[in-house]
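The next part holds the structures, each set out as structure tokens.
Both complexes shown next keep chain A, but they swap its partner, so chain B is in the first and chain C is in the second.
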Partner chain A sequence: MDVIQTHLLTKSYRDEEAVRALNLSVGQGRITAFIGRNGAGKSTTIKMLLGMVRPTAGEATILGTPISDAERSCEVRRRVAYVAENKPLYRYMTVGQMIRFARSFYGDWSAEIARKLLREYQLPADRKIKSLSKGMRTKLALLLALARRPELLILDEPSEGLDPVGIEHLLQTLVARSAEGVSVFFSSHQIAEVERIADHVCILDKGCLLVDTSLDDLRQSYRRIDLAFSSAPIGEEFRIAGVERIQTDGRHLRVFASRNADIVVERARDLNAISVEVSPVGLRDVFLETVKEN
Partner chain B sequence: MLWYKAWLETRSRFLASLCGITAIVVLLVHHLEDVMRPVGLSGARYFVALRRSTGDIFNSGQHLLVAIWMLAVILLGMGGLIRERAAGTSSLTLALPVSRRRLVWVQIAVGVLESIGLGVIPWIAILITLGVGGFPVSFSQAVFYLALLISGGLIYFALAMLTSSLIEGEYTAPAVAFGVAILSAMVCGTVNAIRPYADLWRFMGGDNHFSDGASLLRGPFPWLGAFAALSVAALLLLTSVAVIQRREF
Partner chain C sequence: MFFTLTPTSGQPLYLQLMQQIRHAAETGALEDGDQLPGIRTLAEELVVSPNTVVKAYSELEHEGLLELRQGSGAFVTLKRRTRSRTDSVQAARRRIRDLVERLREDGLQDEEIRRAFEAELLYAAEAAKR
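Presenting the complex of A and B:
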């Protein structure tokens, strides 16, 4: 079962389409990363899922409930924890007041988790939130999300503002929660973090979903193929299904393929390539190439 | 806990307004006690004159209270989800398992209670000041004035709520609310065709019921006028709830 499913989800602001016909599926119990440049439409998508922004077209469900169902959206929000990009917290409350405030809304609140994280994050309960550092505010926002024991965690840039120790702790926590059956959907610009913990990756650019695949599939199927010829090659010869990008530089040709790398190699041999070098690519390359091509 | 949040958000405005209003009306009443205390009279005539002075002090206190109370309740009506969006916390509030309708109604309820407090406590202070000064106090007259103030004045709180659900700017929203309040008071107070029905200042100040001869509010409480004013306030509040429900954050 998918915890998030969107069908042709679209959001337009006047003449601009922030999200275009998005078809997205987030599987239960998985860690799904949502990556894209600034302004790609990630936050707008998340806000549509949580009912803060109304879609212009299309539909979506979150934990099986249509996002258009305002009556049931409160119940959905009880089962979903969301940490927004700017880690919003009420500045006029203390850490302790903020925890008590959040606790009052969730029957599944775990005082034990809250206490444990309060201790681990070294958050002073009597300190006003306005006097906390950005990193501490991020930790408190995460504490509030995790202590609720949600079925689905939606995190927008969760590691922003955290120190390396905090990031490590966060990543381990997310993996542990996922192992317990919690679904995690997070947006990030930190490709290394995504590669470390994500099961599934969605790349969004200019409101369009460009890549939606498991990280294992991505590692297995995406290839960079560097070719050399005795004379300048015709790039169009390699324009086949799965080829995302072709770069020519004199007698050299670089093909970036999401699949069918073996067909590219075969074609290169047919065209008497002098050298053929196939290299696996990481998520960073996939992201950069995909976004560049778009 | 939503009530607690609404209280925390407004308490500094409420307490500052409460202290300010109470101090101002107490100072005015104290000053008027000196000015209006009958001199050269004794016995029953003195007490009759003293009672009249109390009525005049009540009336003057009410007129001052109307003006500053209106400013204070407009300030109390500021805030809410639109202001939270500017402060960056609306996504936290809207992610709570609570409907937007409930969020706004709690804010309204806390604001209305605080507005009532801003009327009741200064009136208690007026009564105490007069009592300490040896003036006879009339609770029924004080309650009459208070009921006029609150039933008529909640329109200004509702206007502020509506303005703050439409306009995001921290200073723009109260400026617009003050502007609309003053403009409407000028129009309603000067256009003869609508003045008898729509002049809120006269209604809140008790001018329609004040007897110059006795220095007392006379006649029955204007239930119809109070109902009409409260209905307009309710309409404005319902509109602000509807606006927030439709807004995107």
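Presenting the complex of A and C:
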């Protein structure tokens, strides 16, 4: 089952399309990452899913409920927790006051989880929010989201501004919640983090979904193949399904393939390549290559 | 027991984990009846998706190398098959070591050897399909 599904979801602002005909599905019980450049449409998509921005066209469901269904959307939002990019919290409240304030809105609130995370995150209950560091504010926002015991946790750039220790802690928290059955959907610029914890990755660019794949498939299928021939090769010979990019430089040819690397290698041998070198491609390269091609 | 997963190695993390557990069993670092950490514990320790651990454990259970007991974790079950496999893996290791040694003597760099292996493995996989 999918916790999020969108069909041709589109958002236009005047003459600009922020999100174009997006078909996205986020699986239950998985950690799904949403990556893209600034302004790629990630936050707009998340806000549409949460009913904070109205789509121009298309539709979407979140936990099985259409986002256009205003009546049920309230109930759904109780089962979904959202940690916004700018972590809007009341600056004049103390940590303890903020927790008590948030608690009053949610019937499912778990005081036990809140207490446990308060301890784990070493958050000072009597400190004013305005005096908290960015990392502590993120932890507080996470605590408020997790104490609600959501089925789906949506985070927009959660690691923004955190130091390496804070990031490690955040990733551990996400992994632990996932182990408890919470579905996680988060946007990030930090490709190395995504590569570590995500089951599935979606790459968004200029409002379009360019890559939608599991990290297992990505690791298994994406390859860079460097070939050398005794005379200048014809790049077009390698234009087969799965080949995303072909670069030639004299007698050398570089192929970037999202699948069928084995067929590329075989063709290279048929064409008497002098040298065939295959190397794996990390998510960073996949991201840069796809965005460049777009 | 310590594991190290490399996110950029071009191999799914669950496969890396499976191989490290299998390797530990084949070398004797893990013995019959040894207990592995629970899914959540190992996921948090390695900071990977719990699904990675679930997949590795259940594939290894399928192979007969692990026994998963509800609520109490994963236990190593070494059968005779694993032991005879230990011998053939060790024999293969020796042959590869000899080959790598000869290639180095011929002046090849480790990185060149690695890429050549990768290309051959891909080619062999394609040939086997036909």
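Methods note: the second predicted complex is superposed on the first by the 294 of 294 C-alpha atoms of A that agree within 3 Å, B and C clash if a C-alpha of one lies under 4 Å from a C-alpha of the other, contacts with A are read in each partner's own complex, and residues count from 1 in each chain.
Just so it is clear, a contact is a pair of C-beta atoms (placed from the backbone, for glycine too) under 8 Å apart; a residue touches a chain by one contact, two chains touch by 3 or more.
Worth saying up front: this structure is predicted, and the values here are computed from it rather than measured.
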Clash or fit: chain B against chain C, after overlaying the two structures on chain A? fit
Is A:S188 in contact with chain B, with chain C, with both, or with neither (first, second, both, neither)? neither
Mind working out whether A:I263 is in touch with chain B, chain C, both or neither, as first, second, both or neither? second
Using centres of C-alpha atoms, tell me the angle at chain A that chain B and chain C span after the overlay, to the nearest 10°. 150
For A:Q220, decide between first (touching chain B), second (touching chain C), both and neither. second
Looking at the overlay, does A:T61 come into contact with chain B only (first), chain C only (second), both, or neither? neither
The chain contacting more residues of chain A, comparing chain B with chain C, is C
By the touch definition at the top of the document, which applies to A:G51: first (chain B), second (chain C), both, or neither? first
Could you state the shortest Cα distance, in Å, between chain B and chain C after the structures are superposed? 26
Chain B partner contacts - residues on chain A that touch it in the complex: 47, 50-54, 70, 74-75, 77-78, 80, 82, 84, 86, 88-93, 97, 100-101, 104-106
Chain C partner, complex, touching residues on chain A are 29-31, 168, 171-172, 175-176, 178-180, 192, 195-199, 215-216, 219-220, 222-223, 261-263, 265-266, 269, 276-284
Chain C residues touching chain A in their complex are 7-14, 39-40, 43-44, 47-52, 115-116, 118-119, 122-123, 125-126
As the complex stands, chain B meets chain A at residues 1, 4-5, 8-9, 87-92, 94-99, 248-249
